[in-house]
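Lettered A, B, C and D in written order, each chain numbered from 1.
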Amino acid sequence: MTAPNSPIAKLGHIAAYTPDLEESLWFFEDVLGFKVTERVDDTAYLRGMRDWEHHTLSLTEGGSGIDHVAFRTRTPEAVDELAAQFESEGADVTRVDAGEERGQGEAVRVQRFGHQYEFYYDVEKPQAPEGKRSKLHNRNYSEAEANRIAPRRIDHCHVQDGVSPEHAAWLQDTLGFQVNERFRAEDGEYWGWWLSVTPLPHDIAIHREPAGTDPAFHHVSYHLDSFQDLWEAADILAEHGIAPDGGPGRHAITRADFLYVSDPASGLRVEFFAGPGYLNFEPDWEPIEWTADEIGGATDHQWIGRGPEWDGIPYAGWE
Amino acid sequence: MTAPNSPIAKLGHIAAYTPDLEESLWFFEDVLGFKVTERVDDTAYLRGMRDWEHHTLSLTEGGSGIDHVAFRTRTPEAVDELAAQFESEGADVTRVDAGEERGQGEAVRVQRFGHQYEFYYDVEKPQAPEGKRSKLHNRNYSEAEANRIAPRRIDHCHVQDGVSPEHAAWLQDTLGFQVNERFRAEDGEYWGWWLSVTPLPHDIAIHREPAGTDPAFHHVSYHLDSFQDLWEAADILAEHGIAPDGGPGRHAITRADFLYVSDPASGLRVEFFAGPGYLNFEPDWEPIEWTADEIGGATDHQWIGRGPEWDGIPYAGWE
Amino acid sequence: MTAPNSPIAKLGHIAAYTPDLEESLWFFEDVLGFKVTERVDDTAYLRGMRDWEHHTLSLTEGGSGIDHVAFRTRTPEAVDELAAQFESEGADVTRVDAGEERGQGEAVRVQRFGHQYEFYYDVEKPQAPEGKRSKLHNRNYSEAEANRIAPRRIDHCHVQDGVSPEHAAWLQDTLGFQVNERFRAEDGEYWGWWLSVTPLPHDIAIHREPAGTDPAFHHVSYHLDSFQDLWEAADILAEHGIAPDGGPGRHAITRADFLYVSDPASGLRVEFFAGPGYLNFEPDWEPIEWTADEIGGATDHQWIGRGPEWDGIPYAGWE
Amino acid sequence: MTAPNSPIAKLGHIAAYTPDLEESLWFFEDVLGFKVTERVDDTAYLRGMRDWEHHTLSLTEGGSGIDHVAFRTRTPEAVDELAAQFESEGADVTRVDAGEERGQGEAVRVQRFGHQYEFYYDVEKPQAPEGKRSKLHNRNYSEAEANRIAPRRIDHCHVQDGVSPEHAAWLQDTLGFQVNERFRAEDGEYWGWWLSVTPLPHDIAIHREPAGTDPAFHHVSYHLDSFQDLWEAADILAEHGIAPDGGPGRHAITRADFLYVSDPASGLRVEFFAGPGYLNFEPDWEPIEWTADEIGGATDHQWIGRGPEWDGIPYAGWE
């Protein structure tokens, strides 16, 4: 659905750390087929074949973990309005100067529930470089530059913590996200929320870890054109001796097809997402409710319930 | 893109006439695989497998042509606000009582540029009937009820008239649509506009016919899951001896794959739409510009320029 | 590869028993989309959408298990030549009169290694019945009669026993099958053989169970047009509350994509087979050799080694 | 079908000339994704990702046109037996020494009906070079080396002349090809024959040009994994400013999906072939018969009848 009153337009990018930028670029660029827009000092800025913004992923050498999840606002004014709102909630707000992240104008960051979110409006949309640029105006990179995975665009991210109900409520109330689907675990409590400000089945998902668990990042997801690309991804990973974290399979929630794989260098987990999931354009959507026993029969019921026992990716230590 | 200030959430439905409802239902239901929600008096209400609203197409026996194109608003209040706006523009506004169209609450209609648009917010979202309903909460009809075309959801519509620049400007200024792509013909004037309030490449397209041409409806488009379904549609049409109006092919504009076919009874043209088109989430999108010579090399350049010489479908005579 | 000297043209059909023919037909016809050519007394004759022969599967009410696996010969004379050959090997040969199996001429059956094989040449190729027949001469059933699984044609079968090396050698030496792929288990002994007389990666596979294990039938496989149909099969099974035996996944051996599911009534296991497997036209093919550790990195390594612990389907007690 | 008595196993390769080998390699290797096995003097030897033989296409600098079409025999002896047979028919037979074509043993060539055919059995099957080789034993090149077209294997060829009925009869009677499909033109005479010795719908097709027309080569076809790859091919060609000769579309005859494109340097026409065509395993196949009016309703009826007015590719002047 398209949340009527949200200040947020879309998921923008993920900023992560890697202990070995060369190794991570081998994985993201050579193996997976991401495109590097620019590399400045210790940071590489990457995006998919049909991402328009300067980057949808940044990798900075030094340590590991996630720095922030960035959302683009619908209007320029929304950046300051959100900053004021966060301050009124008592949260610390950090101002980010234009250019501090390449290609991006002024932004604000806030830490909530142990996650760090960034909000920006101004962003460059550089065309693919000469020679790699599509002749077709409605494409960025030429298909001649694509491998057989060819991540198309950032789709969503997934985070986890011990206070997810409050976190989900904040995303709804403060940021205007709408809950598309919701999963209730065996203990009767909600375990997962799939939230969006766009017609995508989710721009962000959260699931609840045991109380006291450190907040963590679970994965960033990129959209592929099709099933076939997802299976080609599995074949290409096999050729490189890299085992997927899971999949290919079809999600019960969202109905999309998936493959998870982690960067061997940084541990950053990427999901490839494809297939006949849905778009939801209804402004008055009632969340789809799942319980552990109802979800039986869905094609990947093994992926729900407590889910795969994967480590979350910690946030890097901003104090 | 998601237009920040649009009162419109999405394309809702098309209301059309047919001289022979039985024949039209044979085509839409038996051949194409649409689902009939309800049939009341001389009107059948239809939708795709994964449409949630009561209907996305209505067919009323008696004559032929289009009655109206309906958009759902983002908020309940927007219906009256739009009515007031249209009246301030000097347009005639018709009030539609709740239930006059099955499954729909109060609505307003306005005639602009010879087209009739309807705006509503309240709408029923009936589940598929028992026995045809998916066990999966995030699907409406069961896949076991699908043929090999299986229209999924309404996607967009396309209209034409002799005053399209004014019409496109009105859609932008009054209704908050954003132009995603635009085509400039050999005469240097814009010929076509692809506009949306959602991330779809268009919710509505308009192209310009010669001055004085009657306004007409070109087609309504339904989304299929894939390429394969598009080609299966062509095969199934072949089995029924029905020649497509065009396709399968890939559009230069929107980059989606298409097949056009018209209901033999009513002449209503349907497009099936699938494949690796794009979604556009950027709130500050600059329209993609095409000219006749630049579009060369795009896979279906024959579909652009003046386009296929197909008749538009007239609006039924509302006075 | 196409074995130069094989008397066998292709896998013909599987004859199985079911305790409840109605239930089995619900599964095969209504759920999976098989077509029933004819039903005579307690036997239903079925085939896929693009099978040309009278049947590729027969289901006879009374008990359960497999009666025989039938191969079509390349020439009429080969049937008697094979009978003479089997007799010279000391095997019991049973003559089957024309018409004893509907649509089939004279045939011979032989029991070897506890499996029963049938060989026939004469067979009827009835067109799909009027109204379900494709208008396209190179198709049998109309696509308008297809569900979203739409089994296309019989592909291969898989059997198991405790004497597989001898069994595989007999298929090679007596029947002219060629080994396309071969798997060597941890104990250093061959565990599985994928054999064909056609360019398919296998017409029949055998794997070795522990010595003394009863010979059994593992599955019969039908080809689908694509990946998508395989996943639709999984979705349709989910709607019917039927859990697949395994998959969807991609085989390491054969490189095809698969889904296994068993008839709830008879236990007969069917595999759906699709995707970018290979055809092998080389007449001097050297078997591809796999060992347990080499197969690592293949996308479904869990499906090989000892394989899933599924029961084989016993042969019905012919004495 | 698999012709029971044919000495031929499969289509082997096409040997063609090009005025500019560098330009042709740009097209075949860089644009289309063919793999070069070896380059010796003025000849480059190419193949698809999953071709096993040394080459399935050779390009020799100097002039243009086709040198020969090569078939692999089922047995080593068949090469000499065919030579004797051709001599008994009064045809000139040329002996080709082992190694004269790289990777190939002794072969014979014969000119019949103005076409030059070659027959060989001995052939090398070099693995893809280290670093480009698949880790999966049943694949040759690694998917990591594939572009988004990725021709998989040679599929068939198509030739034309003014004496096609005699030519088709010779293929049937002398070489043991079986006719799978046949098209009768408006004049009541057969116009086209689709013949095979394998289960492919055709290994070679012939169509009839007006009497006196020079024999010519129409195209060589390579199999792709899917629809998607066919459309990606169209997109990639568009990026390079190369217009396809025709397609993508679906053939009425063979039911496969196609895209035709010619090497800008040599004029050699390649067809990409994919999708839900059929395999035919029946040894007693009766040719499918099409007439001009019956073929109506098939999805690409425009591709049949007299067919597209494309030039054939002449045979280079062997005297």
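Keep in mind that, in the parts below, contacts are C-beta pairs under 8 Å (C-beta built on N, C-alpha and C of every residue); 3 or more make two chains touch, one makes a residue touch a chain.
Remember, it's a predicted structure, so these values are computed and weren't measured experimentally.
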**Q.** Contact-richer chain pair (by C-beta pairs counted) among A-B and B-D
**A.** A-B
Q: Please pick, from B-C, A-B or A-C, the pair whose interface repeats that of C-D, with more than half of the contact pairs identical by residue number.
A: A-B
Q: Please compute the C-alpha centroid of chain A, do the same for chain D, then give the distance between them in whole Å.
A: 46
Q.
Taking the mean of the CA coordinates per chain, how far is chain A from chain B in Å?
A. 31
(Q) Using Cα averages as centroids, what's the distance between chain B and chain D in whole Å? (A) 44
Q: Send over the residues of chain C in touch with two or more other chains.
A: 135-136, 225-228, 235, 238-239, 241, 275, 297-298
(Q) So in the complex, the part of chain A that touches chain D is made up of which residues? (A) 31, 134-136, 142-144, 146-148, 150, 225-226, 228, 232, 235-236, 238-241
Q: Enumerate the contact residues on chain A facing chain B in the complex.
A: 2, 4, 9-10, 50, 52-53, 72-75, 121, 125, 135-139, 152-153, 181, 197-201, 225-226, 252-255, 275-276, 278-279, 281-283, 288-290, 294, 297-298
Q) Taking the complex as given, what residues does chain A use to touch chain C? A) 227-228, 231, 234-235, 238-239, 241, 243, 248-250, 257, 275, 297-299
